[in-house]
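Next, two complexes with chain A in common: one pairs it with chain B, the other with chain C.
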Partner chain A sequence: MTAPTPIRTKAETALMAQYEALRRELPKQAAGQSAREAAMATFAASGLPHRRIEAYHYTDLRNLLREAAPLAHRPSATAGSSVEAGRFLGDIDAHEIIFVNGSLMHAEGLASQLPKGVSIGMVADTAPGILDGNDAVVALNTALSRETVTLEIAQGVAVERPLHLAFIQDAGAPQAVFARVCVRIGEGASVTLLESHEGPNAIATQSNIGVEIAAADDARVEHVRVNAEGDKAFSLSSLGLSLGHRACALSLNLILGSAISRHQILARFAGAEAKLRLDGVGMLDGGRHADVTLVVDHAMPGGESRELFKTVVDDRANAIFQGKIIVRPHAQKTDGKMMSAALLLSEDASMSNKPELEIFADDVQCGHGATCGALDENLLFYLMARGIPRREAQAILIRSFLGEALEELSSDELREALGGLIDSWLVRRS
Partner chain B sequence: MLEIRNLHAEIDGKPILKGVTLAVKPGEVAAIMGPNGSGKSTLSYVIAGKDEYEVTKGEVLLDGENILGIDPDQRAAKGLFLAFQYPLEIPGVATMTFLKAALNAQRKKRGEEEIAPADFIRSVNRVADKLGISREMLRRALNVGFSGGEKKRMEILQMALFEPRMCVLDETDSGLDIDALRIVAEGVNALRAKDRAFLVITHYQRLLSHIVPDTVHVMADGRIVKSGGPELASELEAKGYADFAAQTAA
Partner chain C sequence: MPAVQETVDRVRAIDVDQYRWGFSTSIESEKAPKGLSEEVIGFISGKKGEPQWLLDWRLEALRRWRTLEEPNWARVHHPKIEYDELYYYAAPKKGGGPASLDEVDPELLKTFEKLGIPLKEQAVLAGVEGARVAVDAVFDSVSVATTYKEELAKAGVIFCSISEAVREHPELVRKYLGSVVPVTDNFFATLNSAVFTDGSFVYLPKGVRCPMELSTYFRINEQNTGQFERTLIIADEGSYVSYLEGCTAPKRDENQLHAAVVELIALDNAEIKYSTVQNWFPGDKEGKGGIYNFVTKRGDCRGKNSKISWTQVETGSAITWKYPSCILRGDNSQGEFYSIAVSNGHQQVDSGTKMLHLGKNTVSRIISKGIAAGHSDNTYRGLVSAHRKASGARNFTNCDSLLIGQDCGAHTVPYIESKNASAVFEHEATTSKIAEDQLFYCTQRGLNEEEAVALIVNGFVKDVLQQLPMEFAVEAQKLIAVSLEGSVG
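And now, the complex of A and B:
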């Protein structure tokens, strides 16, 4: 008996053809090649994930990804110089590391501009180190990213200015961008990473970006990711975090753009007594769809994790939060708390909240909560009775609701810049 | 200045105001007293424009204009102010930011320019000092973690800052200690003026010995059942509301 041949969707067939084309384009390098082959085999076996796969229940890619846009061409080495990246972040003074259509710009020059103790490089191997290679989106990212850009912070180095990974879609027609970045933060080192994604409006761009951040023992990292993609963008992203002993990590995800976005996070406690903070700010309007799916995996004892996701959903938009805290058998004394709160601003807006705990250790403190509701009419009345018009009163309450998710950032400057993004969304709304 | 004519209002189909008629002249301080649940706060909310109450009959005129059809923010811009019985906590909104947004929104609607930041801070500080509100409190989120008395003082601060012409005070005295009561009363008295009027809702004669009213009205079961001068307040203090309850039942 032969196994039944799966029926492939048009997009699946196109993705497999793109892989064949890319394979011919890339130099034959044994190291990278086997990982790509394996990833593509994984993808070929599973296809695009659909609603019966739990993690994709609310974002059925088989249904949503009708067309796989052609792979973006590698831009010329200087293409990035005409684009000003991350302008929306205001005056944040950072080291810019620019990716145009997934390719690192000015790779040679960059090395000398980065601060001491920070090195950047490129390797052919795209095998994931933290992310789950069996996940279809990760598998596609492995197969179709041209290389892994590596960023290393040497042991004990405290990087003062943030490093800004600025991803820009430079597109005049639909195109797909794949990229993989791997950041290693050495023992006792500390760094702030900004990661921004921008693209044109009105063009159906696609992206699949994989970022891995490995924090060694006693390392500290604050990671702020901003999705400011165009209004027709289809954005898939995966973040893998690994925390060594006593490492301390914060990752904040702010969603402002994309027609459809799905951001998945896999955070692994690889050392004891590490601390993790995952925060989220989501602003959705129109018919947009944004999914945040995360797994916090406590595999070591004494870890602490906190999640706070705040989402406002207007018009016919659709937001999803799926969060799972796993506490493995010997991860005793784990302290994990997860909260997702949503404000629905219109009758047709929707939010799906699915927090979960999977606990296999007995001496732990874990909890989760989820709320979903409209703006408090009593608070609105109070503000209006003081002369503030309804729309502005709503904006004040939304701003304070979302602002709570920015409170843990250590940089006031960054908090203000992100607050500015919230304000700009509120202005657009009014 | 404020004229309420045969006002009927209900919530979820349950009638609460059952024909309130009351007039307050410019310069007048009118007090409303009445048993718990008689509809005093409801009246204040309907005047200010809270939309969960449905007005089924009657009018509320401010300077001769029926304000029932307009939004609360527009009523505020026309000079109406309600000091809430239970001021709300607004987490994440700095008190100063709120005060400025409110003041400028009112000015804008009146066609005035935004207040200069320095003038704004000076005005707030001046009023805060008079009311014994510390700078530290002004730096906090609006009313968050304030004691009951502090919240009431913050209401009066807003009143003094916005300089409304028609002020409705809903049990501003409850929850205040003796000193705070005096401070708040002084704050109100300082604002008494020929072209400004007050409607003071209270349960206690004590407040009215500090803010001496021109008229006193008794509310029971959604109606004004008796009106008189300041002596009516002392009479109530001595005898309670039993007589009026009987009147309503009759």
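And now, the complex of A and C:
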């Protein structure tokens, strides 16, 4: 009973060929190159993860990713100016850091525009610092990202206006984008990060974005990520979070676009008494498939984590939530709560929940909940009895259901902007 | 918060070194040659005088088993099992087969007496006054005695060993065997299909309410043997049966394999209640020895309004790997799973259930409590799924785990898959979601919230476990009383 020799799929072969081409193109820098090579070897050994791989049980990449699109070319220096980024976020006043097809635009000019204490740079090394290098998606990101864009917030600096990382796919034909961003927030510093992803409709764009956010002791960060990719997009994204002593982090993920998306989060408690909040809003219709997979790793004592994921699934769409809370031995006094709630709006919609707990310490409080069901008929009746048409009544209930996941945001402006996105989806639906 | 002292004491009282059933009986036995081969299967089949179709069925299973790989997804670790080093058949030389009670070897009777299992019909069970329970006693690979057979036959109930059923009721066995757990279902079920030796067979005709509790007691005695029993229970339309299995084994340094398959079939309006008190030898303090309990249990609610309820109290075995499941095929059918799993020493438990909602308005309820102490690992793994056509399906799941000490682990891995919008699934792993009005009622009368929660949840589970027959009920009750305080979801 020997394991069968892996047969490479077309996409796997293409990805490996892309790596070979990229390797010739990139300058021969030893540090970056070895991490890429190791990552590619990891990928070559495992191939695209399939449903037999537990973490990808519901998102079988071998099956879903049939063709690997060609790598996007680096845009010309002016390309960014023709595309307006993040318009869908309304009038939020932010420092814009624009990436077109994965490449940072106006890198030189940007440094002077950013507020004091914030610096931006680029390094050739793409080795993951927080993300799990053994994960196939992360390995591909490491191997195929051209560089790592680093963003540093100096010790004690409170950045007032949000920093907006706007990723734009500027494509006329299918293309693949790989990018890696690493944000380091110094001791006691605080910042709001927006991360948006946009692309054209009707074009099968692909993306694999890796973001790492390391919050040092006593640092505070609020991170809002919006997936507003085109309706044919295939989006893979990985977020690595690391929390220092008494650090405080919130990350919210809102899914509005993409035909197929998978957002994975790995949050590590590197210091004691840190606080983490992960929220999610998912709006799925048509035949879309969205997977949110997260691991919260309580390695230090006294940590607190809260997760709240709200998803509405319409038409033939398919949503997945996989969440795992790990409490390591000695991570006593950990307090973790995870909740995933889904509304199924049509007969053919489906939802899969897998909230997991892995606990090795005895003095902890951990819980999880998962619910899945249709809109409450009694509530609908109540509204309709007051003359509100069915579709509108549904919209009111959906809006309040999803809105709960936005409540922890500290900025009203941001909450309103995201609420606006929910409303726009509801309008599109009706 | 950490577990309360009362709970710690109770769990200590059933620690691995307190194992009471660890004696062995010296009795002459007959074994099949060591290892797994077509000849051994031929030998087993021949011993039991089986028809050709069953031998072919076994051989096909063996052929399929050779193509399968041992599953490794469960959270358990063990050294590689050498399947060719085991004896697949061991039977006491005297008293094997369907003997009348007077012919049973007195040594065997003494063994079962020592275990508290009366094989005399007039005997009253310890601690259960006036209760009569029909017992099928399985010793290593064979059923040595079945009590109350005549009386049950009067009611039309067939209760016998599966070997006997193959001879006496081949049409029923052939129709239902493997219809819930197919031959190729999984590695251990396939192995069982190839080599199963004995087990119980129950058939309830239409409209019959079984006049007494049925029970099977499994005892492993021989060294180097595995036990592979097969149980098949068929409840025809409108019938009801409550069935209990218990099991123990002597203390030995080696690990022994127990791979059973249980199939339940409930037709229209039928109800099966299946309870297990699993007390196999758990190994010693250092984790040496103990039973590997790899069991496939599945119930098929084939008919409308049928109901299958699994209750399990798991305290034994070095490794437990079992997921009693319900296929809710019939409209309005119900599945229930109540489990208490206590692990101590170096025990590893990976257990849970599957509730597959296929029919309309099907309902399932899962209550699982895991308590881990010592160096043990205790995992709940479960699946609740609603098929596209399962309109109105409803599930409620509650699993709590409790850790005692710093060296153990508790894990929860639930899968909740819904493909139907009108299905309502709720899963919770905390103690906070009990109906507010009930909580309010209790707290209003002066209980604090912790006490109120324990009262409500324990009251709920107790309801089921109080119905456990035999003296096991006493032990089970003690476990139930274990406080939920400090549970971690």
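To be clear about the criterion, the second predicted complex is superposed on the first by the 425 of 430 C-alpha atoms of A that agree within 3 Å, B and C clash if a C-alpha of one lies under 4 Å from a C-alpha of the other, contacts with A are read in each partner's own complex, and residues count from 1 in each chain.
Definition applied: a residue touches a chain if its C-beta (ideal position, glycine included) is under 8 Å from a C-beta of that chain, and two chains touch if they have at least 3 such contacts.
Remember, it's a predicted structure, so these values are computed and weren't measured experimentally.
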>> Clash or fit: chain B against chain C, after overlaying the two structures on chain A?
In response: fit
> More residues of chain A are touched by which chain, chain B or chain C?
Replying inline: C
>> One more residue to check, A:274. First (chain B), second (chain C), both or neither?
In response: neither
> Touch check for A:54: first (chain B), second (chain C), both, or neither?
Replying inline: second
>> For A:353 in the superposed arrangement: first (chain B), second (chain C), both or neither?
In response: second
> Does chain B (first) or chain C (second) touch A:163, or do both, or does neither?
Replying inline: neither
>> Once chain A of both complexes is superposed, is A:371 in touch with chain B (first), chain C (second), both, or neither?
In response: second
> So, does A:181 touch the first partner chain B, the second partner chain C, both, or neither?
Replying inline: neither
> For A:344, is the partner it touches chain B (first), chain C (second), both, or none of the two (neither)?
Replying inline: second
>> So in the superposed three-chain picture, is A:388 touching just chain B, just chain C, both, or none of them (first/second/both/neither)?
In response: first
> For the overlaid structures, how many degrees, to the nearest 10, lie between chain B and chain C at the C-alpha centre of chain A?
Replying inline: 70
> Can A:379 be said to touch chain B (first), chain C (second), both, or neither?
Replying inline: first
> In whole Å, how close do chain B and chain C get at the C-alpha level once superposed?
Replying inline: 13
>> Based on the A-chain superposition described above, do chain B and chain C contact any of the same residues on chain A, and if so which?
In response: none
>> Taking the touch rule as given, give the residues of chain A at its contact with chain C in the complex, in rising order.
In response: 1, 54, 329-330, 337, 342, 344-374
>> Help me check something: in the complex, which residues belonging to chain A touch chain B?
In response: 377-379, 381-390, 392-393, 396-397, 399-401, 403-404
>> So in the complex, the part of chain C that touches chain A is made up of which residues?
In response: 1-3, 67, 69, 73, 388, 401, 403-430, 432-433, 486, 488-489
>> If we count contacts the way the header does, which residues on chain B are in touch with chain A in the complex?
In response: 48-52, 71-73, 75-77, 82, 84, 87-88, 90-93, 98, 101-103, 105-106, 109, 141, 158, 162
